[in-house]
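Note that the chains are named A, B and C in the order they appear, and that numbering of residues resets to 1 at the start of each chain.
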């Protein structure tokens, strides 16, 4: 048993000169992809969340529809549409671009709901009290609503970051040269799928796990103040 | 023009519908297995055996912090290399169930601990055994709390099945890709596939909405 | 000519099909105190909230010191104020809510000082001094740096009163200020309100505390189903009610 485990592990140093640099570069692509899509998702999510509160019916309807669609269609389907499906219409997107747009726009649907929930969790009375002392809606948002909403929003936001990190693996299916694709290619070439997928799994784990721990710590710290906001 | 369009939908849609059967079957079986696994893990945690809890935590953390695709690849490509060969559907079911079990065990853990203490004491005080308190008092209440998160998980699961096309499981995306290689009608087919998923997930989303609304009222 | 401090002219308020206020007229002179009493659901809170335009009346007008409040005159018709203009008008009226509505992420003194700082652009140290004196006024100086979650209901409400006072309003509105308090905490809040009344503050008080209203108010209004059924000095309205519904209402209150 121990022999076979040793044999298994020895494969790594054997092939490290070949695998190492490629995996390392691919890891950075994964990280870049995560950050790009997270940024896009946050910005889009904010716009959609604000749009959902708009007095203009069309804008509101569009935003509600956007959220339903983004949450109801698999990310893979959206990626395929963006990367393959737009080609006959003359739009040829680079794999990386299609990836972060697809991930970002889909995640924006969830982000919008996170923002809405955060703002909605602030008791209406606090806004009224702000108006009563003479604050404009903008001021009440800036000094009263936003400081409290941000505390509610941060944990789920961090959670979305972790989800996006994991979802970058799906982009391998539209030939984006990130971790998963590298692993698959190397696995096919070297006939050592288990080694490569395990290696890549471990890398994902050590990218995501610290974020998970951070999220939990932040969540605990904010839970105390959360109780007041909902009073 | 319209009849042309409808013909096209029929022609291309039918294979996709076959895929949908697999999608739904896969979702349902993984969901059931994941719920069972999650519940069992959460209950075992209640026994408070340090080593076992540590093992379960490790299991959960690993599955929560790695992509589903990696888990599936390890199962489907990695295992045959070690001598175990399984069908795509089976690999998909096992992979998704394990992943789901890990996620849901956290949901059940939260639900159980939200109810556990006071309720258990009052049950014991009227003479119930711990097992009876679990069966008649705690679990029934846990359901109400965990239904919305489980519902949300089910929707996510439905969408995750698209990914199993990567290990050649015959679900919607898989059929879609095959169709595209045969007919090159890329845009139409992928839009149709997306629509099909939406038709499956939309009713689920409404049901989950109702769960969440009922929960608020009940609280 | 001295205009009254506050004048409500034929205020109607509908919520969809439901008409809650069916034509209210009210006049308040400076330094006077009006109490509004009535059964639940009769529109007391709605009326109060219309005064500072938290609820927008469906029809009717409000005048403060002779000037239109909540609207502006455009040629022959009336127009809406933009949010800045409305906010400025609102800062002239102080409101105390049933559920206090203190801002949980700020300490007591910051709750009180924020309004002057942000709305009136008062320099921070001046606002701080003002806030300190307001908190002293409601007898809560030892709690000045506490967060709302560490204050009792009565203390929170007193901070809320200090917060409203910090804007140096011409008129104070109290929306059932003690209804959400435990019985033993009601007294400290009522005492503060009584002190403010003795100083000559103009106020409109919506309350269930009939005895307090009787002691405090110059004028009592009995509201039922959106109309003023009876009004007058406490000696008439409470001690010698004429209207049958009012008599029933007062009997029920006495019983509880």
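As a convention for this text, a contact is a pair of C-beta atoms (placed from the backbone, for glycine too) under 8 Å apart; a residue touches a chain by one contact, two chains touch by 3 or more.
All of these numbers come straight from a predicted model, not from anything done at the bench.
Chain-level centrality, scored on Cα centres against the all-protein Cα centre, points to A. On a Cα centroid basis, the chain most remote from chain A in this structure is C. For the pair chain A and chain C, the distance between C-alpha centroids works out to 47 Å. One simple way to say how far apart two chains are is to compare their mean CA positions; for chain A and chain B this gives 19 Å.
Taking the mean of the C-alpha atoms as each chain's centre, chain B and chain C sit 54 Å apart.
Against chain A, the residues of chain B that register as touching in their complex are 61-62, 64-71, 73-74, 77-79, 81-82, 155, 158-163, 165-166, 173, 176-177, 180, 186-187, 190-191, 193-194, 197-198, 201-202, 205. For chain C in complex with chain A, the touching residues are 52, 54, 83-84, 87-88, 90-95, 97, 99-105, 114-115, 118-120, 147-149, 160, 163-164, 166-167.
Residues of chain A that touch chain B in their complex: 68-69, 71-78, 80-81, 84-89, 162, 166-170, 172-173, 180, 183-184, 187, 191-194, 197-198, 200-201, 204-205, 208-209, 212. Residues of chain A touching chain C in their complex: 123, 125-126, 128-139, 143-144, 147-148, 225, 227-229, 231.
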